[in-house]
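Input: structures, listed below.
Both complexes shown next keep chain A, but they swap its partner, so chain B is in the first and chain C is in the second.
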Partner chain A sequence: MIFRIIKKEELEKLFELLASGSRVIGPVETGHDRNSDPIYEFSEVSNFSEIRLDHTMTKLPAKKYFLPYKEDLAAFHMKGRDWDKSVDYHCDSPSVFFGLHACDINAFNRLDKVLLGSSYPMPYYAAKRKNMFIVGVDCVPGPYCFCRSMGADTALQGFDLFVTDLGKTYFIEILSDTAFNFLKRIKTSEPVEADHVRYMDIVSKKNMKFEAHVDTTDLTKILDMEFQSDIWKYWGDKCLACGTCANVCPTCYCYSVEETVSLDLQSAKKTRQLYSCNIIDFAEVSGGHNFRPERQTRLKYRYYHKHRGFVEAYEDSLCVGCGRCGEACLADITVPKVISSVRGGAV
Partner chain B sequence: MAAARSFLGVPVYKPRVAFFELSSCEGCQLQLLNNEDTLPDFLSLVEVVNFREAMTGGTDDYEIAFVEGSVTRGDEIERLREVRGKAKTLVALGSCACFGGVNQLKNRFDPDWVKKEVYGDRQVESERAKPLEDIVTVDLRILGCPINKKEVEGIMVNLAIGKEIKTPKYPVCMECKANGNTCLFDLGEPCLGPITRAGCNSCCPNGRAGCWGCRGPAEDGNLAQMTVIMERYGFSKETIIDRLECFGGFSDYASQLRTIKLKNSS
Partner chain C sequence: METRLAYTPISGERSHRKTDLAAFESSYKAEITSIHRLTDHENLYRIQIVDQPERERFDFMPGQFLMLELPGIGEAPFSISSSPSRKGDVELCIRKAGSLTNFMAKLERGTYVGIRGPFGAGFPMEKMYGQNVLLIAGGLGLAALRSPISYVQENRNRFNSVDIIYGAKVPSQLLFTYQYDMWRADDIRLSIIVEKAEASWTGKTGLITKALEDIFAISREEFFQDTYAIVCGPPVMFKFVCNMLRQRDVPMQKMFVSLERRMHCGMGKCCRCNVGSTYTCLSGPVFDYWTVMNLKEAI
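What follows is the complex of A and B.
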């Protein structure tokens, strides 16, 4: 890793350079909630001043830009007795993600394992993922964040450069050639010992601010042992089976595919729609049999996929501890509460 | 009307369809005539033989009958039975036909008082508003107040090419999140999205208005938990019941709720 220091005003210059050739997606403030706290979301930005580098967790991840909720996979159009096929990966231009927290960068790294690294990579994801430039930004943990428990509080790979606010200057970690070349075009300096000290100080202060924790020690085994636990019924009774937890999750990738024929009967398309394992018909198969008709078995499945199955397959959890699902769940079902109840055998 | 259609070289089934209304605002039928862009294609998939709102005359020789509205009078019961007898397939069109709709709101009041409020001293027949299902067998339900034309277009295509007709089993929240909306509960407003069947593309939350459940319950909707959540967010029992009762899809649960004491109730 190469480190640099830049003056604060240089970051806007970097933004301008990046924005001149690509669309930029960054965290913006869209309003206030009922407690007057700001609401942030990822959106396309044209101006540096729109970006809120100090944002707390956005309600939704930047998912619509890399795993759209709905995406047409393929279509055909009849032309007399002939026909045309069209397949589009929906990636017309490179995208710059300006201001991703470490958890969201790690979400990419974990998605990559299954969507790029498996026997059948998903080209729709790959096209977008390979055309990204990622600028990470440091953050202050909020009440729902537990990324540190999930080993996702620092990003070691999967980004181009990472910005940490040292107060008067920015500390820049450079990971890619592209980032290195861009930084040549703005004013940077070598960090001195005092910068390193300041950086370490910020990191250790951040570590002390986490309020939410998940104990992952031996979790895969404990989940196996607690498969029949009554605790799942407790959470299943609360669950609305609304799918919100998967929809706000930066790493949930499940989908369904629907085929539709156009009203003039001249064309048809296959559309992928992101789905959620908590939804009633997630495990319904042809012929109508549903393998998981009860809410509790579906909710349990969510935890087993994220914290057991994925870990066994990829040596990492499919949860980065961003806390979004717990914050968004109207039934107040959060990962730290569920895991601790499973470990303790009681709520 | 356009010529018979084919799909992948195979001629498609072109059913003779008729549209009828009972007690309703006729808004659902009007929806069908909206969207002029696609209307010719839409009409080429079916042979409309009876549609009072769109044509004069009409015959009784139909295969599919779309019936809008709820049942509130004796003559409507007779008419509905007659339509059922003639149609191979009977489709309940819109929330009134499916659940009683807005009309059934009157069911919670004293019927004599309701009549007096609306009609004064005129003598009219107007009974409890009932969904079609209370009188006859319904083969297909098209939900919504009003119905969503796009959804009906999809249904018509599937009828023509013989593909299964599906409505989402999941709740409105799925569409709402896909549309990137901020949850109305975060903004301090109630919403029935978590228990209401999707298919409207989260129409109301997209416009920053909470869902009133016009499409009726999602499958496996957790009504008890929804009530707990509404209470936790500070909404009164009356607010919760008002929403649940509005279109009739949750009427059983709503009347059950009336008998339970909630924390916020006055």
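What follows is the complex of A and C.
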């Protein structure tokens, strides 16, 4: 990887260069929660000053920009008993994501495995994914963050450049030639030994700040062994089956497809909507049989898919440890608590 | 030096290759050419891909399924009930069970529908050459087994003894009754059992396991070593039937089940059909019993 050092004011110049030709999406502050803590959201920005590079965790991931909660897959024009189908992937220009944390970048990398890498790559995702310029930014772990346990605390790929605040300067990791060319247009310098030392110091301090941990040692086997454990009933009884966890998850991609007709019956739409495996009819088939009728079976399935099934298929967990689901859960169910209870056999 | 980010377009060319981006939402236009009423609840629809070269290219294995789309109504997975030799001129046996299938029942011949697929893994028919075949169907499960049955009929001399064991709730719900004599004529042994007899019923009464026991009673011990079993039926049936076959030492890799799950894509994306760590639409719907044993919640 190629590294550079830039002065703080140069980052704004880089932003201006990127924003002059593309829309920019970044973390902004949208209000305060009941504890007076700021609420951060990913939003389209026009000024560098709107972006909060020091943001902790956005309530929602940047998912709506690359895997929209609702998206039309196809449109139909009806002609009596016949019809025409047209398909649009809903992407006509590149977007800049300015200020993604390592966990959110790793969420892309893991989603890529299933949505781009396997059979039937998803063009709606691919179109947006291939038209992204990603500026990563370092962070300070919050109380819900356990990305380090999930191997998602550093991003090794999936971004164009990554910015780490060294205090007076920024340390830049460059991954793409596009980023390299953009950086030629601002003032940069080669890092010196002192910069490396400072960078390593910041990383090791960050690593000591994690409060939440998940022990993933042999987790796939343990989950298999504990499939019939009573612990799932405990968590299932608490779970409200509301689907909030999937809503805030940067890697949840399960969906529903439904079709609707226009009022004049002249056209129809096929729409994909993100779903959650915790919702009651997730596995219900026509005729009324439900393969996972109890909340505990659905909650368990969610953990199995993230921490076992995906690992088996793609050698990586589908959880990046961003902690959003635990923070958002109304029943106070968090991944570290569930996994630790499954490992220990008790709550 | 570039001053703005370049846009990378994604090809929208229509394609049916699994690895192409354009395969995702690509469908064949097909016409309903006949509707045959089987029972009060099930119809057999003959659906023909309109474009002839496309129809000839629509290759599938018995046991595979397709996604049937009624624009504006919805899309759902259906097992193909016809012989693979007929390619893209397929038959689907569909029960009126939900909004799409009830709408389907009101359609007339000549309506155009969309077809995506074929999807999933089918029954490995060629592996069964020279062996005995036990086809065990419960209720609507026969819809999925009619394709391998047709395959066996067309290649009858390649298989050893062939049995169909078919159970239904009541005689009036028996499917494909007009074909039973043809199956028998092709040297296929057929045992039919109903849970509840109606006045005119002269056949066997009981659960499908009873019909299976009768087959066991007249078969030699060695018979099962050289037997492939194909099972499809309601969820509750799998466990009982598979356990019986296991007790008779039918090898696990020679027992196949076809599982039903909710599906919204057919391409391993929507996750609705996940069992254990795999997708029913990609690795299934046909699984061998050893795989089923290793998948949580499969049967």
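Please note the rule applied: the second predicted complex is superposed on the first by the 340 of 347 C-alpha atoms of A that agree within 3 Å, B and C clash if a C-alpha of one lies under 4 Å from a C-alpha of the other, contacts with A are read in each partner's own complex, and residues count from 1 in each chain.
Note that a contact is a pair of C-beta atoms (placed from the backbone, for glycine too) under 8 Å apart; a residue touches a chain by one contact, two chains touch by 3 or more.
Remember, predicted model here, so these are calculated numbers, not experimental data.
K.L.:
In the overlay, answer first, second, both or neither for which of chain B and chain C A:T260 touches.
P.N.:
Both partners, chain B and chain C.
K.L.:
First (chain B), second (chain C), both or neither: which does A:K221 touch?
P.N.:
In the superposition, A:K221 touches no partner, neither chain B nor chain C.
K.L.:
Have a look at where A:A328 lands relative to chain B and chain C in the superposition and call it first, second, both or neither.
P.N.:
first
K.L.:
Quick one: name whichever of chain B and chain C touches more residues of chain A.
P.N.:
C
K.L.:
Touching A:D92 in the superposition: chain B (first), chain C (second), both, neither?
P.N.:
second
K.L.:
Does chain B (first) or chain C (second) touch A:R34, or do both, or does neither?
P.N.:
First partner only, chain B.
K.L.:
Scan A:C242 for contacts with chain B and chain C and give back first, second, both or neither.
P.N.:
First partner only, chain B.
K.L.:
Go through the superposed model and pick first if A:H196 touches only chain B, second if only chain C, both, or neither.
P.N.:
Once the two structures are laid over each other on A, A:H196 reaches no partner at all.
K.L.:
In the superposed view, which residues of chain A touch chain B and also chain C?
P.N.:
78, 81, 260-261, 265
K.L.:
What part of chain A is in contact with chain C in the complex they form?
P.N.:
Touching chain C: residues 17-18, 20-22, 73-74, 76, 78, 81-83, 85, 87, 89, 91-94, 96, 114-115, 118-124, 126-127, 130-131, 133, 178, 181, 184-185, 224, 227, 253-261, 265, 268-270, 275, 277, 282-287, 289, 291-292, 297, 301, 304-305, 308-310, 312-313 of chain A.
K.L.:
Which stretch or stretches of chain B touch chain A in the complex?
P.N.:
5-9, 12, 38, 41-42, 45, 153-154, 156-158, 160-161, 163, 169-171, 173-174, 177-180, 182-183, 185-188, 193-195, 218-222, 225-226, 229
K.L.:
Within their complex, state which residues of chain A touch chain B.
P.N.:
30-31, 33-34, 39, 41, 59-60, 64, 69-70, 78, 81, 237-244, 247-248, 260-265, 273-274, 276, 279-281, 293, 295, 328, 330-331
K.L.:
What does chain C use to touch chain A in their complex?
P.N.:
Per the stated touch rule, the residues are 1-10, 12, 18-25, 27, 69-76, 95, 97-98, 100-101, 108, 110-112, 114, 234-235, 260-262, 264-265, 267-272, 274, 276-278, 282, 296-297.
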